Amino acid sequence: MTTTMGRTASAGHSAKSPLIEKLNVFTAFGLGIILAVVFYVLAAKLIPEDTDAMLIHTKHDQIILLAMIGWFIGFMVGIGALIGPFRWLLGKDLSHDENMFYAGKDLGTKRYFRYTTDHKVVGIQYLVTTMIIFGVGGILAMLIRTNLGNPEGGWIHPQAYNAIVGIHGIIMIVGTIIMITGPFGNFVMPIMIGARDMAFPRLNALSFWLIVAAIPPILSSFFLGGIMTGWTAYEPLASESPAGMDGYIMFICIFAISTMVAGANITATVVRMRARGMTWNRTPIFIYGVVASVALALPAFPVFFLSQIMSAFDRAMGTTFYNPAGGGSGWLYENLFWLMGHPEVYVILLPAIGALMEMAPVFTRRPLFSFNVAVMGIAGICGLSALVWAHHMYMSGWAPLLNGPFMLTTELISIPTGMLFLVLVGTLWRGRLWLTVPMASIYALLWNFMVGGITGIYLSDVPADGALHGTMFVTAHFHYTLMGAGLTGAIASLSYWFPKMTGRMLDRRLSWVSFWMVQIGFNVAFMGMFLVGLAGQPRRVEAYNAMFNRGNMVTTAGAYVIMTGMLILLFAVVDSWRNGIKASDNPWFAKTLEWSVPTPVPLENFATLPVVTTDAYGYGKAKS
Amino acid sequence: MSQTQTQDKAPWWKRKDVKETAILWVILSVLLGGIAGEVIARSMGAPASETMANTIRMMKVFTWVSAPVAGLVGAIALKSLLQKRHYGDTPPAESDHEIANSPKAAAVWIVTSGLLCLFALVFGMIVMQEDAKSLQAPNAIHVNVTGQQWLWNFDYPDNAGVRSHDLYLPVDRPVIFNVSAKDVKHSFWIVQMGVKVDANPGYITQTAVTPNKIGVFDVRCAELCGLLHAYMQSQVHVVSQADYDAWIKSQGGRA
Amino acid sequence: MNRRIVGAFATVVLGAGLIAGIGTYVSAAKADTTILDATPAGTLETPQGTLKHYTMDLSIYPDSFFKTSSPHPDWVSYGPSTNFRVPAHSAITFTMKQYDSGEPITNDFFARVAGTMNGTININGKDVTKVDANTIGHTFTVRGLSNGKSNVFINVPMPMVPEDKMSENEGEYINPTIVKFTIITGDAGEYVWNCEFPCGDGTLARFGGPMSSQGFMSGHFIVTDN
Amino acid sequence: MSQETTHAHHEHPDVVGSRNRLGVILIIVADVAMALSILFVYFYLKGQNVNNMWLPAATEEVPATVPVSSMGALYIAIISGFGMLLNRYALQGAKAKNQAQLTLGAMIAFAMSVIGLVYQIQQMNSAPFTMRMGAYASCYYLIAGLNALHLALTAFISLGNWNRARLGLYKTDHWHVEIIQVWWIWMTVSAALGAFALSFT
């Protein structure tokens, strides 16, 4: 991993307040837990008992939410997130040495457990966190599939089953949202555009530690009665759920703040900090994917944040935003949720496709086919994705007259999406294919995303949605897009940038084995799911009619193959990280800037900032 | 497809690899369209209403329309894969051409996908109109559907007092469902008739269908509604008008 | 090379083991793991001829203090168990002691008796086919999945105990409403039952709390062969 | 809102300033999205009027909800407006290298944010209904809550601004004050939006 050879001058940390040095992840967890307990006890003592006159009892939710807020405050204080703002308030801005310390100068591995601002450290932190999140989500997925092995379920009780389904959903969504912009957007992106760091290094650290602070609440909800709503947390069911729902609400609120911070930070970095000469035409396509994604998330997630704040008020303050008995409306929640929810799937998809489009020229040794079309495609998807939310609500009956218009916008999205396909196949055409895992991942994406896209066309059509909405068909469809396309891109990015991030190659044989197991298992599993969905099995059921048994057995079998593949990949990553083959600075002979810096990457990336004179896709021009 | 054009003299469509790609394209399209269409029709089973029949027909058409697109992508990808492969730790030689873009190909591609979109939209709109017919039918019977955790129950307002847990409908007669919920959101779905609408607390939503087949079909809840959501199911008994009247009488209604 | 194969294999085994462990823990973690079996009682003449006869006695308490370890002792609950096992193709006579008060039911469809033998139930000695929708305490509502064999619907409303009669001496409730009814079971299979009277006070639509949690007002109704 | 000086020692203040301004504007974009969806909530629930409970009818245990006049919200907007003008006055002082004017403006701007916050909280306490009384009451508290949150944030920022002005940190460059001006503008606009919504009952 990266050592900290910065400028050798001014290594003395004389003027630094000792507080900065004391705080780290342990103080954060300590303070967080202490405050949580304190808040819990105080709330339990001080809050008045519910009276029978209240239609909705609120004390329990108030206690739980306050305890979680206590955890949140304690954690952020304990990690040192508030030092910067208060130093600003006091007019004592951090000195250069202090900032160097924040950047992790001369701290060795300690910096991975602190509020470190160096974008490379944040990238590694994100990478590990993402893998942990996928681990949790994967375990839950296996529980779901095992329970669906027989029609009458019963292995897991319905209450626990609903909690598992919901938390699998939301935690996987969060994992896929951060899986590329987090690790690679932070580690690789600034180097790729020739910058020394992100625009706001401390916001960068903030966005990461917010995610860490968000995870305990969602996991705690297992022990608070779980959530019975699935990841969408539809109201009014969410108001009826046990206190586990409060964990979900807290998780979303914190995560939304993190997304907003990261979005502002990454966008500002790309807009303001590209190297001299890196015009928009010379900016690598991966950057476009990342920026489009976070720029889309920036206005989308505050809406989600608000919807959950209102859920919290309904549960804990007795307001009636969603409770029909008090003039509330479930359709309101659905609108707010999907206003975020549909852009969010492109937040997941765009960086993945951007990354694969970045790799296509490298592994075909020819220029990216029609760069402009790729940019147009990404822009088109961004623009349209804000106008399609209600296709999730065709069947909710909230506005039957609007189904036509939303059918139009939804089907229009297939045009920019098609452009991305054109770019990929155009780049493959007559290239010399260097068969590596990233190359194979491009083919996997073409297939999976094609299936996901065409099934999406059925679902975008109102009459067909009348038969398919709320069935396993939908579940299979979005797994094809988010997992088949998104996660495939993330794993490709991992093996592509692994040498730069760790200085070692990802073990080739093992990653091939894992690739094939995951892709085959995935297609078996979700093809089976398409079939039971077409035949009429609803989503999120713990027991189902015997007629669906065969299809579910297929899916479960496929799921076990995926699990094996993923575990092999996990071992490959850990093993190669520790003792893999040493990698050269540019093992893929690629032309983007991140490969021009030495591995491990020095603290401020570039001794002298580069000047860009051409785009990064000048392959195949050698002989002409 | 003009992104295959290169510097050499022969017109691009005469080149060997282009011809092979074209053949591959045809084969793949037929395979994809045939298999996918067949699978969809088989899995969705026999329709019990015109609505469902329309849906299945439309999905088959969409499959056949999108098969060539998928087939083309597949053909180009496969052909490139079969053409020049390279293994090892060092990159292959640079590719022997440098086409960085092809406005013609992009234009053709975008226009084509635009037309396909338009087709899908128009087709869908037409089917929507057809399905909406039952909703305006004058001779339609009304059924009030109530979703409550975790059961459906049905009222027959034309015969006050007749209520049931399993739905009874006369064949070939339009039915209008007025759907609502007591507690949380459910989704009323008659599987084999391809109609679905959410049951929202505080609202009444409508959907309609004309069953055209005598038999027993399924009502399932299609929106996660809590603990026993999986068991929120009923049966639909579509019977002849005479049997329907008999049943109504047996339930204390006057048919 | 060798080490890598071993390592990968070990990771897979460990991972699978972890999942299995968590799965076992989750499947074991049920608020009510007990299953109550029907007790044999000779045979019974039914419209469907002479069938093996079984009985089952249940109670419905306004709280669940009777449970040794209940996470919510103040929640209304069925007892002694919420999971019942009865034999297929036989007559089961339920005797239910309903100790709770009540109110008008939100959906009077569930004030009607359905699915019992002769379509009647016996309340404090009187046979009835429906009860006053304004004085319901709870209901006992059984149903299965909609596929042919197990499309079952049984609904037994249970009148409330008037507040003044609900006097209580050292934790013992008295003056229950006694509801007797007989059902004739069909094919074997796993069915579910729950109470359709919204009695989760203080929750949305009064359907949260005990209504939406395992082991209080809902459970499994298992029909076994022989 | 904190100054990022990791590499400021080899960057011109204007570069840093423009970068920070962009960052703040982007964060405000997110906040705008939230404020607009609050308006959406207000008008959607008003339009739907589910169970005729937007303004619930009086029952024996729950008295009818009476809409409050939107003047209160309007006053909040006006107070914010004053704060914005004073911050602008301070900014002009900074540009003119007039330390006294800078400090004075920043101080009164801070005072304004505190006054607004106190007044908003007082309004919430003196409302003739509680949150539990139907959709309108809920929405009223939602809008008031957003104002209170914004004002608290503004108080923190403008306090820091005043303090830094007092310490003379703006002698060389004053882009902090410009960015805070951007925030003050949004503060005023969002308060005005709330008042606009509440003017429909």
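Residue numbering begins at 1 within each chain, and the chains themselves are lettered A, B, C and D in the order written.
The rule we apply is simple: a residue touches a chain if its C-beta (ideal position, glycine included) is under 8 Å from a C-beta of that chain, and two chains touch if they have at least 3 such contacts.
Small disclaimer: the values here were computed from a predicted structure and weren't measured.
Among the remaining chains, C is positioned farthest from subunit A, on the basis of C-alpha centroids. Comparing the chain pairs B-D and A-B, the larger number of C-beta pairs in contact belongs to A-B.
One inter-chain figure worth recording: subunit B and subunit D are separated by 48 Å, centre to centre, where each centre is the mean of the chain's CA atoms. Centroids built from CA atoms put subunit B at 30 Å from subunit A.
As a whole-number value, the distance joining the C-alpha centres of subunit C and subunit D reads 54 Å. As a whole-number value, the distance joining the C-alpha centres of subunit A and subunit D reads 31 Å.
Counting only residues that touch two or more partner chains, subunit D has 50-51. Under the contact definition stated at the top, the residues of subunit B that touch 2 or more other chains are 183-184, 201-203, 218, 220, 226-228, 230-231. The set of subunit A residues touching two or more other chains comprises 54, 158-159, 228, 236, 240-241, 324-325, 328-329, 331, 543-545. Contact between chains, per the stated criterion, is found for A-B, A-C, A-D, B-C, B-D.
If you check the complex, the residues on subunit A that touch subunit B are 153, 158-159, 162, 228-230, 234, 236-237, 240-241, 324-325, 328-331, 362, 364-373, 395-397, 403-404, 407-408, 411-412, 414-415, 418-419, 421-422, 425-426, 428-435, 443, 446-447, 450, 454, 457-458, 460-467, 469-471, 530-531, 534-536, 538-545, 587-589, 617, 619-624.
Contacts from subunit B toward subunit C in the complex involve residues 146, 148-151, 153, 163, 165-166, 182-184, 201, 216, 218-220, 226-228, 230-231, 233-235.
Subunit C meets subunit B in the complex at residues 106-107, 109, 112, 114, 141, 143-148, 151, 153, 155, 192, 194, 196, 198, 204-205, 207, 211-214, 218. Residue ranges on subunit A touching subunit C, taken from their complex, read 50, 52, 54-57, 139, 142-143, 146, 151-152, 154-160, 164, 225, 228, 236, 239-242, 323, 325, 507, 509-510, 513, 543-547, 563-564, 567-568, 570-572, 575. If you check the complex, the residues on subunit A that touch subunit D are 53-54, 84-85, 87-91, 93-94, 96, 99, 102-103, 117, 196-197, 199-203, 260-261, 263-265, 267-268, 271-273, 298-303, 305-306, 310, 313, 317-321, 324-329, 331-332, 335-336, 339, 604.
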